[in-house]
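When the chains are written out, they are named A, B and C in that same order, and each has its own residue count from 1.
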Amino acid sequence: MKTRSQLLLSSVAAFTLLLLYVPFVAVFVLSINAAKSGTKWGGFTFAWYRQVFREPAILEAAQNTLILAVVSTIISTILGTLLAIAIWRYPWPKRIRALFDLTVYLPVVMPDIVFAAALVVAFGALRAVSSIFQFGLLTMVIAHVTFQIAFVALVVQSRLATFGRAFEEAARDLYAGGFQVLRRVTLPLLMPAIIAGAMLAFTLSLDDFIISFFTYGPTSTTLPIVIYSSVRRGVPPHIHALSMLILMITVLLVFALERLTRGAQQPSSPQARRIAVAVAGVVLILGTAVAWAVQSIRADRRRELVVYMYSEYIDPALKDEFERQTGLKLRIVEYENSEEMLAKIQQGAASQYDVLVVSDVVVPTLIRTGVISPLDLQQIPHRLNLDPRFTDPPFDRGCEYSLPYQWGTVGLMYDKRAVGDRPITWSMLFDESRQPGKYVLMDSMRDMLGIALKYRGHSMNSLDRDQVRAAGELLRRAQGMDNWIASEGGVGGKNRVMKGEAALAVVYNGDAIRAAAENDNVAFAVPPEGGVIWVDVMTITAGAPNRAAAHQFINFILDAKTGAQLSSFNRYATPNAAAMPFIRPDDRNNPAIYPPPSLQAKLEYLHDLGRNTRLYEEVWKMVKR
Amino acid sequence: MRDSPTILWRGELTTRRSLRRRGLGVLAPALFWLTIFLVLPSIATALAAFAQRGELRGQIEWSLTFDNFKRLVGFGLFGWSADHMVIFARSVWIAAVTTCLSLLLAYPLAFFIATRKPGWRYPLLALVMVPFCTNIVIRVYAWQQLLAHDMPIARLAASLRLVRPGSSLCPSTLAVYIGMVSTFLPFAVLPLYASVERLDWSIVEAARDLYASRWRIFRHAILPQTRAALQVATILAFIPAMGTFVVPDLLGGGRYMLAGSLIQQQFGGSDVPFGAAISLALMVLTLGGLFLLRRSGESGAAAAGELAQVREAAP
Amino acid sequence: MIGAQPAVGQAAPREQAAHLAPSAPRAGASSELRLSQVSKSFGQLRVLDHVGFTVEAGQFATLLGPSGCGKTTLLRIIAGLEVADRGQVALGGNDISALPANRRPINTVFQNYALFPHLSVYENIAFGLRSRRFAGEQIQRRVRDAMQMLQLDNGFEERYPDELSGGQKQRVALARALVNEPEVLLLDEPMSALDAKLRAEVQLDLRRLQRRLGKTFILVTHDQDEAMTVSDRILVMQDGRIVQSGTPLDVYEHPVNRFVARFLGLANLIPARRGMGRLETAFGAMRVKHLPQWESGTLAIRPERIRVSLLEPAGNAVSGVIRELIYRGDHIDLFVEPGELRARVSPTLRLAAGQRIWLELPPEHLEVLAD
């Protein structure tokens, strides 16, 4: 007979479990839904699951994740066990013992992000000593091992504490010498705890995101990082499938672990030993298989060109074309915004890339910090195709370090049904009475502040405190209004308008135009008050392993036909005069892509403000608060 | 006699000095590693908090300054503003609320599992473990999907006039809280379960025999036995909650800044010393919280022991 | 082979003990254990205070005392698991004080047996032999012999400690120790983990085993029943000192002081003062075997030695009233006024509470205690 309190207990428990699992159900449904987005049921399909296995980026990330987990687990288990045994076995004075305990507990009580920050500082310093400390698999392994050691040591230590002296004394009474005692008594008895510690370490590694995120390099993305990047852009369905696969593997792992540890509860039973051997064997086999796979898959760096650019910025067909023409392998690594890119570069990852495709704003910084080096213009004959407007930009006079890739604007993408006939203006964001519906702002400091400044009639590069602050206030108010949904990357906002969730979004023009091609209800415009004009440029890193290939790439892009194909794909404007004839007339005449001169006068480049960026940063913080 | 007397240590006749030497040898690899990759970096970060930001992005100018801390407390370019303090306060508040809610839900769940028939317990525990072992990104973005405007929950909320029709429940403060609780809940379940499983029911029965009401039974017979575990659960939930940035990032829509996001931003390239200062402040806050917790409860050794046992209970 | 079986009841000839472990030091033919002036302190606490005694080869000696008296520490010092601050441990004439535990030909049965949980019964028993690098067949022979001697049949070989009962574990622990043919076997409260009924059986088995093997056994216990059952010699310890040493009969019948008198069995303690040729007590004058040196002290007499009768006896008579009477199956306990004297009588006597009776305290059983 269930009493009332038992019923209450059961319902709370059920609710809690539901809380934990309900989101997974949603993702599962999305992963088998044939419709590309949204909850409209498009039929049942496994296509997305199949696609997961066809995405090289995902496969590589999976490999990295596994290697990372296995290698770091092995190292940390050994070190952690040694640490625990050493602390327990020998007579240390009280204060030293306290010091050891503190060191062991430190990673446990440190928030992940503080730990990650410390590691970044550490690797920065170590890079001065040796360049193997570039961000990559090595740094990630080191990072993981460092926090895993503490957990392994804790598990082993807790088992050791239950030991007592009896076994060791019995062994000595039975004529065993020091090493014999360790080998025949202590270690075997400790094995279940060591294995438990190893499993814990393995799980922590697979589970980790923050630390990996701070320490990864271009060739060492892991699955969580892949998922995170795609989330900020609007999740494609095969990512749902990927998540489900990971979840299923986790379920298998956990249930297997439960079985194993159940047997190993009593350190005595022979079952535990057999299990321990089995687990060790499996790990070894896994590790070997992975290592071998890695060996055979890692492309020879010499024949590979690594380009770091914004996401969804190059036509895959062009990538193939380049590879066909040159016989090189082209690896595109993507980033979402300049801050992210700079973080990676500043922390020393520069020479892992050959070509950097970056915003104009950051070029002066890159030049001054020696990240990029001058181009050998002789190797780039196609540069003569360029429109003269772009051959002597203020941020890089004479195109010594950079050549333009694409240019465009930032403006408003809107749902025609919500806006109707009204003229598009920035006041649709800032003036509550003029808002046609919900809107998404761009999570980009300079762009949004610049827009707000422009709306007020100031320069986007103003250093006037009051002006900037007022712009910040404007943005804050805009964020506080009911119609505000979010501040996201441009692609995020685009997706929301596409789905009908928002009426307006601040986006890059190319993204919007591509969206408009798929969806008749959306359109793009740059408000007459003015906006941002930007140029993305191609640069070559100072330590590029493949300088010749890098130049080849730039030259390839600046080819007339290539330039046209590029712009047709991403719907941005081409700086390539020779490519213009090959651009579709529709695009050429589209004011959204190629703004008329009257509007062009109102557009501003964002300048690098050096130390004065702090002004904007502080205001931005106020906005985000 | 002071030099190195022969002692008997664990059945072995030897000197303290040679024991220590050997001990150091076994300790060396792990200690070396931790020193280079943990201790020194932590010190360096703490020091960097007192350094100045270089002219170029990401550079550090090693000249002593308290600028970063002044900024932290709010003295920015525009005079004093509470922005950073607000962010910190918000982080502490969210972490505290999350921890409380997590405990409120985890405790009954732990009880529920511990009072099932033995055959059911492990599968139920495994059910709790699966989210715990799943990557945080997956768990959080799953909420993002679930709370979208065209999913049943949002539609339900809209039809109940709780939100405007067509809007999604995320990003929003509510979404952040839901995400936080569901993420850190499993952390709290494990230590609580470990403790409840080992509960001495005879004490409960004694209380019942002495006419105690349900509440009194809980308060005097059950709660004291699980106190250490509650402390551990609090620590396990509170610390990561303080430093998380994935949850507010994905579910808070960029409006919701927590200390974690703040740090991530600074290390994102512009101001490493400021980021270091924030990290240091966060660390101090966390340790402070822990210290308060320890003081109000049992000795640290018991809690630490429980912590270790929890870790053992995890997979 | 481990010890042939001599006739029951006879002490095993010394030659049996000659079957020694390979690494044992031999000087004299005797492997007597001699402790002298052994002292040990833990911090401020003085646990052993100039303890000295000798146990002859083939003896079963018991260190008996309450908890905290230092008996376990003493045992561990003999085993080599503790080092004395002062004093010497000698075996067969050789000073082994500086030898570490794993080089002494002494083995221990630990209180909770300390069987290695990860090893089978066979491997547990073989552990010491493997440490000393015996050959495989030798090990097998000796292990099987030891198991047989302790009545563990072959089926036990592959079992694991967690599958064994308390009694079985104890036998394995014994086998594990004895298979190494130590000079001395130490047992640290080996019965404490067993239930009462089993304990009684095991005590007898242990005694018989020792007789058969003829080896020196030293047992530590706080249970005086146990000590009496198994020992050839009991060493009673109090507060780090040995207060009396002797055969069970000696220690029981002739306790040297109040502590020993009370620790081994029940005793009636009667304060007395020296009079003229006899001792004055609250019950009147008492005659004793030997007059003590002291002016005032204590007399002791065991309850079962008091003669109860209805008629006034000749000497050392006390008149009393039965205050309480408890039937115990094999005897009746009487609580007699005055003085709360306890007497033990045959169960067939028909007595009742309140009855007036006479108690006789025979001088040959009236012990004069040193205090």
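Convention: a residue touches a chain if its C-beta (ideal position, glycine included) is under 8 Å from a C-beta of that chain, and two chains touch if they have at least 3 such contacts.
Bear in mind the structure is a predicted one, so any value in this text is a computation, not a measurement.
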Of all the chains shown, whose C-alpha centre falls nearest the centre of every protein C-alpha atom combined? B
Select, from B-C and A-B, the pair of chains that is joined by more C-beta pairs in contact. A-B
How many angstrom lie between the CA centroids of subunit A and subunit C, rounded to a whole number? 75
Roughly how many whole angstrom separate the Cα centroids of subunit B and subunit C? 57
List the centre-to-centre spacing of subunit A and subunit B in whole Å, with centres computed as mean CA coordinates. 23
Multi-chain contact sites of subunit B, meaning residues that touch two or more partners: 7, 11-12
The positions of subunit C in contact with two or more other chains are 80-81, 100-102
If a residue has to touch 2 or more other chains to count, which residues of subunit A qualify? 169, 171-173
Parts of subunit A lying in touch with subunit C, wherever the complex brings them together: 166-167, 169-177, 180, 184-185, 188-189, 191, 266-270, 272-273
In the complex, go through subunit C and note every residue touching subunit A. 23, 79-81, 100-103, 106-108, 110, 112, 114, 116-120, 127-128, 130-132, 160-162, 176-177, 180
Help me check something: in the complex, which residues belonging to subunit B touch subunit C? 6-8, 11-13
Interfacial residue positions of subunit B with respect to subunit A in the complex: 7, 9-12, 16, 19-20, 22-24, 26-27, 29-31, 33-34, 36-42, 44-45, 48, 53, 55-59, 76-78, 81, 83-84, 86-87, 105-106, 108-109, 111-113, 122-123, 125-131, 133-139, 141-146, 148-151, 164, 166-168, 171, 178, 181-182, 185-186, 214, 235, 239-240, 242-246, 250, 253-255, 257, 260, 262-265, 267-272, 275-276, 279, 282-283, 286-287, 290, 304-305, 307-309, 311-312, 314-315
Sites on subunit C touched by subunit B in the complex: 80-83, 98-102
